[in-house]
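Below: one structure, written as structure tokens.
For clarity, chains are labelled A, B, C and D in written order, and residue numbers in each chain start from 1.
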Amino acid sequence: MITERTLPYWLLAPSLIFLLLLFAYPFADAFFIAFRAEGQWTLENFRTMIEDINFGLSFWNTLLLVLIVVPLQLAIALTMAMMLTKIRAGRDLVLYVWTIPLGISDLAAGVVWLALLSERGYINTILSSLGILDGPALWLSYETPVALFIAVVLAETWRATAIVMVILVAGVQLIPKEYNEAAEIFGASAWKRFTKVTLPLLKPSLQTALILRTLLAFEVFAVVVALGGRDLPVLMGEAFLWQFDYRDNGVASAYAVLTLVISIAFTVLYLRVLRVKEEAQ
Amino acid sequence: MNAIVKTGLSAAAVSALLLSGLPATAETIFLSTQARPIEEAEAMRNEVLGQYDGEVDYIPQEDGPFLNRILAEAEAGKVSVGLLGALHGNFPVLASADALEPIDDVLSGLGDRKLIGTFVELGKLGTGKQHYVPWMQASYVMAANRQALQYLPEGADVMALTYDQLAQWAANVSAATGERKLGFPAGRKGLMHRFFQGYLYPSFTDSVVTEYRSDKAVAMWASFKEMWKHVNPRSTSYDFMQEPLMADEVWIAFDHTARLMDAFNRRPDDFIAFPAPAGPEGRGFMPVVAGLAIPANAPDRAAAVKLIDYMTRPETQIETLKAIGFFPAVEMDLPDDLPRGVQIAGAAVSAQAASADANPSLLPVGLGDKGREFNKVFLDTFQLIVIRGADIDKTLDRQAGNLRKLMEETGAPCWAPDEPSSGACPVK
Amino acid sequence: MSGIYVEQVRKVFGNFEALKSVSLDVQPEEFTVLLGPSGCGKTTLLRIIAGLETETSGTLKIGDRQVNGVPPRGRNIAMVFQNYAVFPHLTIFENIAFGLRMKKMLNSEIEPRVKKAAGMMHIEHLLERYSGQLSGGQRQRVAVARALAMEPEVLLMDEPLSNLDALLRLEMRAELKGLLAQSRTTTIYVTHDQVEAMSLADRIAVMHGGHIIQYDRPIEVYQNPANEFCGGFIGNPPMNFLETNRENGHCKVAGARLPAPRAGSERVTLGIRPEDVVVTDQTAPEHLTGQVTVVEPLGPHNLLTLSVDQQLFRVTTAADSPIRSGQEVHLALAPGRLRWFDSENGQALH
Amino acid sequence: MADITPDSLKDERSFLDRILPRWNVWQWLFVTVCVILCLWVLLPIYLLVLSAFSPRDAVFAWPKAFLPTDISTDTIAFFFGVRGVLSAFLNSVLVAALTMIISIGLGAPAGYALARFRFRGKDSFRLMIVMTRAFPIAILALPLTVTFIKLGLYDTVFGVALVHSALALPFAVLISSSLFMGIPFELEEAAWTMGCTRAQAFWRVVMPIATPGLAAAAIFAFVISWNEVFAATILTLQQPTLTAFLLTTLSESPLYFRFAGGFFLVVPALIFIFAVRKYLFSMWGIANR
């Protein structure tokens, strides 16, 4: 019977069962495939994965991409969140504009930034009209890996900062105004109030935003392919190639398992670093 | 409290009843990896299948989801797809998973038209049974912007170039314009692996597998790496060469005829088509063969057979040529009221096939589901040697090892231009 | 109207014993106040009676019905919360009618009842407003009106005035007193403000550390506190306490000899309220002597703070009294008002 | 008191002074950063729409035109003509609507439990919900397809909606739990004392207050489903969603078509988010602190 104590579990049951049904079976199946080849348990798939010429590159590219894009997005999202608390007139409109990228699929983002950054693109048009460039210049090619990397960072930052901002805006709201006002009375400068009051109290939201954004960042794929093609291999891109191009879902699952392990490692790291003590909730 | 739990579940149940998917009408689902670009797909539905007296739903699909779907339906035992249209390279995966219905009877039923013999043979995939009926063919040719012709090296005939002349030509262009205007389709969805397997290797080593790491191959890669200095670096993200051609990013390009057709049709006076260059061992070239097959226990076999008959009729073959630039797989002479683009490409294809030093190679057979990994060997070699500048000998040794492992695993016999082999094709 | 009978109710949160076997019986139509400092368990007891908290052990009866385990809706109670808990998404009319709608009453019955309750609380003009547009005081009136409209068997109020400013609190207190007397509903009122308790209660239950120390009429609790805590907690300024030591039947402190209480241990504490002490210049064996340290003119009277036997001692005198700080004075204790407490456990001695 | 003559009333400040608000340096800096951030978001979208509406070869032109000089709708018009776009659009709307219902229907109760109760396994549940997003859906392709075919969910709007709900559920749970946390528990307790069961209190008091926030969470689920490409492609055949339809036809179509496709993807999402912009603030917690 539904009693006071068991009520929460009854409420959680529907979503838990739903996720188990939909994810657990295919997940187990894919996980299973990663560790099997020709009918017995082997690490063959992992070995093929690691020996592949693109593995090293894709690993470091993804890691580097995450380590640059996620903090950059956090900084921008934090600035946006803080600015939103200060804006009075038109606050809804500004928030709307800044959350627009939430509605943009990575398919569309890839197309947009390709138009911007291709050598006959809009940015080159601006640069050449300013005289910096004298003709169409090439950014998105293996010959200019740094430019290509920056292009992908720009596109990813544009596309996925909105989700972080929304979480932080909510977090900032939950902080009662009195704390900030009190700190102000004690003569704390704006910066001091930010670091000493707002940030610590924002920790739970920061944690959620970081975990969610890192998980999704490791699955970055569509934008990188749209801009970089084969020149900037990323883990998910290789997994996709092995699954659909080379028809070997063993190695594809190996890539997926690797991505999962790294994501879990980062999540545990965030949980430890940004540990929010129960009482300080 | 369980009111909430109830409402959550009832919402899911209601929608399950309401929207369990619209019942598919009695139409034949024609799933194909060809004519995927939106204009070509529309052309298939309206011009080619327009006159078919039956319901057909033409659904283009990328290779990955296409294979994934058919294998999944075969494994689940519930097949909804009526007819399959794909390139020769896609079929071995399905054949090795027994997802295809043998259609020797269908082939004999098409007596009144002359299907090209070598393609019918290819349709057996090296086995006794007929897996697919030849549907249409194409080939890879070169295209060039007329502005580039002025930079042709002395005495070079564009309709019978050699690779050295091509390299020289490209060098002249980049010297004159300051931009590298030679382009290759080395993007994710480009067909660069076909260029190595069907054009470069046969032209330089008269082989694809056995001579993979011979000295001729080493010389080949060296000269190709040299030529690459004049190739537009964006090539590693070009899938369809017609786009860079029309954007003037590239003046000379190599690609599948259907992937150049848009440029020929839209600006027939600006572009010319010409056969691929020749190397020391002749002018290697390879056909592109597409076939029609029926999935194992397909819903309505008769309808599928009727559709195959319709697709292989001469008048439909002509409509297909006009619509998507694929040439007939039936021996027939082409009418002269074809669109300019088709005429331009057609001339290059027949010139290439009829060239004196023609060295045709066939499509790989018997690779099963390792076809794509076979392509990966060539692409990885290209990536390492040309893009990342690795040592040629070491790379060829390592990749030859992969190729040898692949051949032994699949036991695939050699195919033209390699000499036929009894067991698995050896890699010297 | 029915009474409320609480028998040996205990409540433990983890390892903290919030209520230590508390018993209380509230007569029908009686207005009982649970008075005590924060953390003494008064709100927990109220929430247990309301059914918002489940008691660890003990029995609970409303009228002759045992209500242990019965959910709040089954106890025919109404409650006014400290933060009013006025529903922001409903108009004031709907807020007051909320309970009646749950009782499936017809609109024709609900309308007059809501109007009557709103009238009692003088908020008829606010019925179509939303709580967001109201002041704290107005919201508080809505909360009370909402509870009264349900005409419950028992009315529970959790520090309803604590969020109001001083003036409004005074005004509301007077209004509440009149209203509740008129509606004659059995009520339990929780507060930490002893003035509120004294003014409103038929009986006060002074609580401390999870116990009910004393449960009696206000004047009783004021004049005969059951222990030192009660004496000190009620009354402002609080009761004075002086340590004394007993010598053959008499207690000596600060120069005075006073008849000692019969019971109690060796050392006893004397308790006397500031207003029960008179400053005189005659000397007498039972008079205390002390040194005035501070004189505070408070308007109606002056408050003297003295050092008696090195202990703090307060006395109230007339506003025009000539006494200046630093003066040595004699203090006469009003005979009937002297109270004795056992120094060990603080219990009153008679 | 100097008598007030008409010209003493005249405003001496220059015209510019009068329109530009009198801000200090910090405020000017604040506004410029704000404008830059807005342009940073809007410019690419403007260029996408511009390219979608410019003639075919303008896409290859150099230098590119920034202003909408010659507008041509033939690429867009062609799109409407393509058989299947309209039905794909409808499918997308149906799938997204279903995803909204399922993910909020299942997510809200879980969110309520996380907000109101302290129970064993609470944090591990919250973490598990988020971690389901760690495993890339691309790799679940084959087993998922086979299961769906067996269950008859294959190529159905409901089938795709199920997968999209699994993707949207973590967000629904997190958003709804922070929403319910923003609603004082005393309101529910008050409702209990006024004759409500726990469920009645939830529906009559908590839900009405949480509805704007839940609406925003629903729109969020709608957008997730609307933009999802991969599961929609592999799980549908004749009933593709718009994104699945676009992915298959566009990835190899010329650039100008990809812009038109991008336009079709972006515009509906913009409209949805605009519809809910007021609630965006309450999406993650009531702001009436």
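Some observations on this one:
Heads up, the rule we're going with is that a contact is a pair of C-beta atoms (placed from the backbone, for glycine too) under 8 Å apart; a residue touches a chain by one contact, two chains touch by 3 or more.
Predicted model, so just to flag it, every value in this text is computed and none were measured.
Relative to the C-alpha centre of chain B, the farthest chain centre belongs to C. By C-beta contact pairs, the most connected chain pair is A-D. Per-chain Cα centroids separate chain A from chain B by 36 Å. With each centre defined as the average position of its C-alpha atoms, the distance from chain C to chain D rounds to 55 Å.
Look at where the CA atoms of chain B average out and do the same for chain D: the two points lie 39 Å apart. Residue positions of chain C touching 2 or more other chains: none. In chain D, the positions touching at least two other chains are 60, 62, 102, 105-106, 109, 112, 141-142, 198, 247, 255.
In chain A, the residues touching two or more other chains are 7, 11, 14, 120, 136, 240, 243.
Interchain contacts (touch definition given at top) occur between A-B, A-D, B-D, C-D. Residues 1-5, 7-8, 11-12, 15-16, 19-22, 24, 29, 31, 36-39, 41-42, 45, 57, 59-62, 65, 68-69, 71-73, 75-76, 78, 80-81, 189, 239-240, 242-243, 246-248, 262 of chain B are the ones touching chain D in the complex.
Contact residues of chain B toward chain A in the complex are 1-2, 4-5, 8-9, 62-65, 67-68, 93, 186-188, 233-234, 236-237, 247, 249, 369, 372-373, 376, 380, 383-384, 387. Residues of chain C that touch chain D in their complex: 50-52, 71-73, 77-79, 81, 83, 85, 87-89, 98-99, 102-103, 132, 146, 150, 156. Contact residues on chain D toward chain B in their complex (touch as defined above): 57, 60, 62, 78, 81-83, 94, 98, 101-102, 105-106, 108-109, 112, 141-142, 145-146, 149-150, 152, 154-159, 161, 198-199, 202-203, 233-234, 237-239, 247-255, 257.
Against chain C, in their complex, chain D makes its touches with residues 184, 186-187, 189-197, 200, 204-205, 208-209, 288.
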